[in-house]
Amino acid sequence: MEQLPKWADLIVVPLVGLILAFILSMLMVLATGHDPLDALKLMVSGALGSTYGWGYTLYYATNFIFTGLAVAVAFHASLFNIGGEGQAALGGLGVALVCLFIPWPHWTIALLAATAAAGIFGALWALIPAYLQAKRGSHIVITTIMFNFIAASLLNYVLVNQLRPKGAMDPATAKFPKPSHLPSLGEILNSVGIPFAKGTPANVTLLVALAACVFVYYLIWRTRLGYQLRAFGKSQPAAVYAGINPVKITIITMMISGALAGLMAINNVMGEAERLILGSVEGAGFIGIAVALMGRSHPIGILFSALLFGALYQGGAELGLWTSIPRELVIVIQALVILFTGALDNMVRLMVAKVLVRPKRAEA
Amino acid sequence: ADPAIIFDLGGKFDKSFNEAAFNGATRWAEETGSRFAEVELQSDAQREQALRRFAEAGSNPIVMAGFAFGNALGEVAGDYPDTRFVIIDMVVDAPNVRSVVFNEHEGSYLVGYMAAQASKTNTVGFIGGMDIPLIRKFACGYAQGAKAANPDTKVISNMTGTTGAAWNDPVKGGELTRAQISQGADVVYAAAGGTGIGVLQTAADEGILSIGVDSNQNHLHPGKVLTSMMKRVDNAVYNAMKDGPGLETGFSVMGLANEGVSYSMDEHNASLVSDEMKATVDAVAAKIIEGEITVHDYMSDESCPSLSF
Amino acid sequence: MSTAPAIELKGISKAFGAVQANKDISIRVMPGTIHGIIGENGAGKSTLMSILYGFYKADKGDIYISGQKTAIPDSQAAIAAGIGMVFQHFKLVQNFTVLENVILGAEDGALLAPSLRKARKELTALAAEYELNVNPDALIEEIGVGMQQRVEILKALYRQADILILDEPTGVLTPAEADQLFRILHRLKDEGKTIILITHKLREIMEATDTVSVMRRGEMTATVKTSETSPEHLAELMVGRKVLLRVDKTPAQPGEKVLEVENLRVVDAAGVERVKGISLEVRAGEILGIAGVAGNGQSELLEVLGGMENGTGTIRVNGKELDLTGKFSDARSRRKRGIAHVPEDRQREGLIMDFKAWENTAFGYDDDDAYRAGLLMDNAAIREDAQGKIERFDVRPANSELEAKSFSGGNQQKIVLAREIERDPDLLLIGQPTRGVDIGAIEFIHQQIVALRDKGKAILLVSVELEEILSLSDRIAVIFDGKLMGERLPAETDEKELGLMMAGMTGKDS
Amino acid sequence: MDYLTLLQILDSALRLATPLLFACLAGLFSERAGIFDIGLEGKMLMAAFFSAATAYSTGSVWLGLLAGIAGSMVLSGIHGLASITFRGNQLISGVAINFLASGLTVLIGLSWFKLGGQTPSLSGDARFQGIDLPFAEAAMSVPLIGPLYAEVLSGHTLLVYVALLCVPATWYILYRTRFGLRLRAVGENPAAVDTAGISVVGLRYAAVAICGVLCGLAGAYLATGLGASFVKEMTAGRGYIALAALIFAKWRPWYALSATLLFGLLEAVSNRYPSLDLGFITLPSQFMQALPYILTVVILAGFVGKATPPRAGGQPYVKER
């Protein structure tokens, strides 16, 4: 494989991949009888062209940061956690219980408590698959898939039969009491004099997500635990040689991963919906896999790929609002972006290398 | 201003109320040659977004299908006093909102009544998409109707699943139908969106009768679908759009009386429903309208006299 | 002298990214000879041979087989040209049987049964002809490396190779196995086959080859007739300076007992008893060498001592008993008791190949206070510490930011040694310290081990290299089938006697 | 539970297991060759769509089957391109394929049939019909075995029998043919295959192609065998369950049959007993719906133990770093 300068590898390659994905997508828009340039403009300006757009883009990105980090942490220990969906759902349950049944004096305290609850519930939902993997060798991929289904059933039961206010149609909890409502990004920024669209769902959780990125960075690359879990992920016999306890590491890693997935709930459940509704995770757990893989399991990479997916979501919503382009097209665009920036990145790299490296050879 | 319609997460082709809403809007557009704005949501967070965006863009009235819009509309309606909103399947108390709810239990009662009449095994089945209150409402009305026609009727009820896939799993729908058939059911009522396609198909294949839901699904398997419980979401949408920006707000119940719900009769099921049967059902319908028969609404006290969940 | 060379390489160059592994190499190998290739770790020997075998594609250069210019774009072409190769890292499918591995790629038809039948017959014939006995139905993962190598040779012979390349074949063999290998090679040579032999062991070069080529840093520096050279001369050609081929050490001054093992037993995961009641002791300032054929329990012995496996019996270090099964039976607790461990398999256990060198120098010691800054690890301190170790142990290249996998085997071993020795342990466990390591590095590693002994530390050395055991140890214990066969002093024994004991024949006094 | 009920449940289990079995064997071929595939779901969905669409348009279920297989193989080709030729990340590629199928099927369906992404329902020759095995009627009179034969084994569509036959066929190919030997080898140690003079790339593409064919059969069975039309997202997570079954089966054909039958059985049981009255407590329907998954975890933890995937699985074959 050709060697590319680092800047090209980090910036040019993903960018070219993105462009390729969009060219294909726009061809598809053309095929469905719409104007591709208009669509593209609408998507980009809808997602990034206004603080309103950012308000949504950042909201989705916040979700994906959490689930992406969750997948990434497990990945560093060679554990494939497909259970983000279930863990985030359980995180939602934790948030709901804390917000519904305890009268909080102020949102800051409520946020702390909800963060703890979301993390603990998510972690506990990851605990059993982790324990079974560590002690019984049950493959974590199967158990986490199974736990997603079990979580869905559990939430269905709890929401329909337990937490739903009497007489409500919605399989959802009651609205959380006022003091537990989180300030939106708009409110925060406006209060310090930065104009930002109100009424968008991005909220203070974004800061928690950024903090989580920093936390994961330090955890993975600067702490002993991170050192040990990376070592364990690279070579289990070596981990044993170094005195790293495989059972302990597996369980701790998965619980951290589950907690991160669970934290997503403070964004969508507490920050946005302000109540727990059925199916609130909306596939973010699965998108987290793509986000983590595309971000190369590094917090900064995850931040960017979460932003990309957030922008795709919001851009897609704008398409849906102002054109008759079917929403499935947005799914196809997402697929192509994942494909070209994630799976076919080496193809793109080769193409870029042809352009960048050839001329240099010729000079020499 | 053009009207706008917002479809719920299931999408406008969900074989259920979204699709009915879409049909109503399309009918209006075709008849009047006008246009309407529309959007299919992908995320819960987009409810408020879509409402605000359409309202700001001047759409009026804005129609939405699905109880899940209740919260978002509650927040938004006050901010756009000049815009009229129509919400279906949910009540939102605001001066510029028309809330349309359907007495699905009444319609389900009628088809349940017919099911019991048509059943030779005294066993009828119900297949719901997901165990949520709305579906229980359908099931409960159906069971009451079946027992009313014949107190010995056994009602078997299944829910398809607990994830979103539950509404789009015709294969599982078919398998549930077979399971009910093997327990003796010879009429099955599906209230499960795309899953229902599989229910009706399997029922037709296995030679038993089925009952469609929401729109008239009799044509899907002529001579094999006993009837369909019509929930005229299409009419509600059509009317809203026809009434235009000046539409009357308030609370409107669509029941048997105003043909908001009904059972369908057409050439496809004429052979299945004898005149006699039709007469008794119509009589029952009349009694419900007059209040002589009260169909218990599951949502009124969250319990069902004829079926346990 | 008009016969064409069996192989002629002309102007072969190959770069891996920035690494120029082969630079304009030319070499001729005459038919019916054994041609040796020596060179330091990373000199490019394996790369050159892999090009000849079609595994890598050369950037430049031509290959001539029996005088004919031949393109070898892939291994299929190499096989067709009559070339067989036994790689340094075997290319066997672990969960296949011997037979399946032999026929892989050389099947006779779409169905397996006839191929298997034919191969079974052929294998019996080959086994008889070349003393290459293997159980055709054994799984590769269940047989020892010596056997695995036989399978590799059989693979080549089954494909009727006329030219056989062996890349460091004796690195993992016992002396007896190595001797047998050379008998086979001579037999093959007598039949007119051409053999290329890569090895780090000058003795083997001197004994087995007709011609020898020396490689250094990607270049071919010399080709000489074996009869016209000496080990010292070759060593100098290879390393570029004079090398001490003997270990230089003074007699041991044993002190206190550091390690005492009594009746140690180890049962592996499959329930097989691998160590069957071993007792031994090592004193401060001495090296106890454990000789034995691989797979006789020495690995398990090391693993229990190092805290990687559980066992029963009693182990005392500095008079204090170790926990063998409980909470303190892990490797970390062992380190706290002053035990350092250089594992047998540096790539699988001793290093994290994807970690940078500096990260590897803290491996196993990440809880050291010197490496800690509050809640975090003090990466700056680790880096600094690593750079020192790398310089003191002459790791090349002396760049602690490189990943472990980009160092050659010898330099990887130096990283592990630096880490373990500089801990100043009371007891050093060391397994196969020079496996696959070139002579320049061997000299250095041996010096370090002796220096540690001279500091009054106890050393338990496990090696399958009898030469190494004999020259390093102060006492030698021989292990066979999980039991010690007896102890010898190096001065009073020789390879022959040890070899017999390793085969389970009881020695003079036990 | 009487005998007849048991038979009915088994009958249902067999039908529910069939798509899982196809997909599981598909994954088996791919993963045995070292290419992980979480895109089974997407391929099934693609196949379901194209089989239904073509069967409807042409009136021939056979053409539908071919089109379904073709649709699935296109996605296989993409997966191969990404993970074999360009040595990309196999998991990402699989995720992308699932998204792609989910979007494309509806998109194309909308523009072809204007039915909301659904295809019109199939009838007659456009779908697979049940086949009565010989003597099924007569066998009914034989006690125990007879009804088992007539109720459970007889009366399924052709694809069910094809799926069952695929199990011994897979076993035979894998363990008795040259191709199988090479396939297994390339998933364990591609370097061994390469140095034996066999093309790693060729083998892996072949495996991925077979995976495509089998996913095609799975999808076609869903849309033209069990069901009679395509409905968006109609695979409903079966690809993931098949993946779980594959791990459960430790990548072995006969175990794959047992694993998928077990999944089918558990689902059939929970279908049959939507809520269970144990006398003192009634298990809610949600619990019964989760039961197959709970039992899977229990069985996995209690009886199956460690499953070792093919050693080279998931990693692209790279010779030169």
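Should a chain be cited, it is by its letter among A, B, C and D, assigned in written order, with residues numbered from 1 in that chain.
Everything below uses one rule, namely that a contact is a pair of C-beta atoms (placed from the backbone, for glycine too) under 8 Å apart; a residue touches a chain by one contact, two chains touch by 3 or more.
Small disclaimer: the values here were computed from a predicted structure and weren't measured.
A.B. asks: Supply the minimal count of touching-chain steps required to go from subunit A to subunit B.
C.D. replies: When the steps are counted carefully, the minimum from subunit A to subunit B is 1.
A.B. asks: Under the document's definition of touching, what chains do subunit C and subunit D have as common neighbours?
C.D. replies: For subunit C paired with subunit D, the chains in contact with each are A, in label order.
A.B. asks: Measuring between Cα centroids, which chain is at the maximum distance from subunit D?
C.D. replies: Computed centres place C farthest from subunit D.
A.B. asks: Tell me which has more C-beta contacts between its two chains, A-D or A-C.
C.D. replies: Comparing A-D with A-C, the pair joined by more C-beta contacts is A-D.
A.B. asks: Using the average of all C-alpha atoms in each chain as its centre, how far is it in Å between subunit A and subunit D?
C.D. replies: Chain centroid spacing, subunit A to subunit D, equals 29 Å.
A.B. asks: Taking each chain's centre as the mean position of its Cα atoms, how many Å separate subunit A from subunit C?
C.D. replies: 46
A.B. asks: Using mean C-alpha positions as chain centres, tell me how far subunit B is from subunit C in Å, no decimals.
C.D. replies: 75
A.B. asks: Nearest whole angstrom, what separates the Cα centre of subunit B from the Cα centre of subunit D?
C.D. replies: 34
A.B. asks: Provide the list of subunit A residues touching at least two other chains, using ranges where the numbers run on.
C.D. replies: Residue numbers touching two or more other chains: 149, 152-153, 156, 160, 326, 330.
A.B. asks: So which bits of subunit C are touching at least two other chains?
C.D. replies: 17
A.B. asks: What positions in subunit D touch 2 or more of the other chains?
C.D. replies: Each of 117, 237, 284, 286, 289-290, 320 in subunit D touches at least two other chains.
A.B. asks: Okay, what are all the chain pairs that touch?
C.D. replies: Result of the pairwise touch check is A-B, A-C, A-D, B-D, C-D.
A.B. asks: List the residues on subunit C that touch subunit A in their complex, please.
C.D. replies: Touch residues, subunit C against subunit A: 17-18, 306-308, 330-335, 341, 343, 345, 348-355, 359, 362-364, 366-367, 372, 375-377, 379.
A.B. asks: Would you mind writing out the residues of subunit A in touch with subunit D in their complex?
C.D. replies: Residues in contact with subunit D: 1, 28, 32, 80, 82, 128, 132, 136-139, 141-143, 145-147, 149-150, 152-154, 156-157, 160-161, 286, 289-290, 293-294, 326, 328-336, 338-339, 342-347, 350.
A.B. asks: In their complex, what parts of subunit A are in touch with subunit B?
C.D. replies: For this pair, the touching residues of subunit A are 56, 59-60, 149, 152-153, 155-156, 160, 164, 166-171, 175, 199-201, 268, 272-273, 275, 277-280, 282, 313, 316-317, 320-322, 324, 326-327, 330.
A.B. asks: Can you list the residues on subunit B that touch subunit D in the complex?
C.D. replies: Subunit B residues touching subunit D: 11-15, 19, 131, 156-159, 161-163, 165, 168-172, 174-176, 178-179, 182-183, 194, 197-198, 201, 205, 220-221, 308-309.
A.B. asks: Across the complex, what residues on subunit B touch subunit A?
C.D. replies: Touch residues, subunit B against subunit A: 9, 11, 37-46, 48-50, 52-54, 67-68, 70-71, 89-90, 130-134, 162-164, 299-300, 302.
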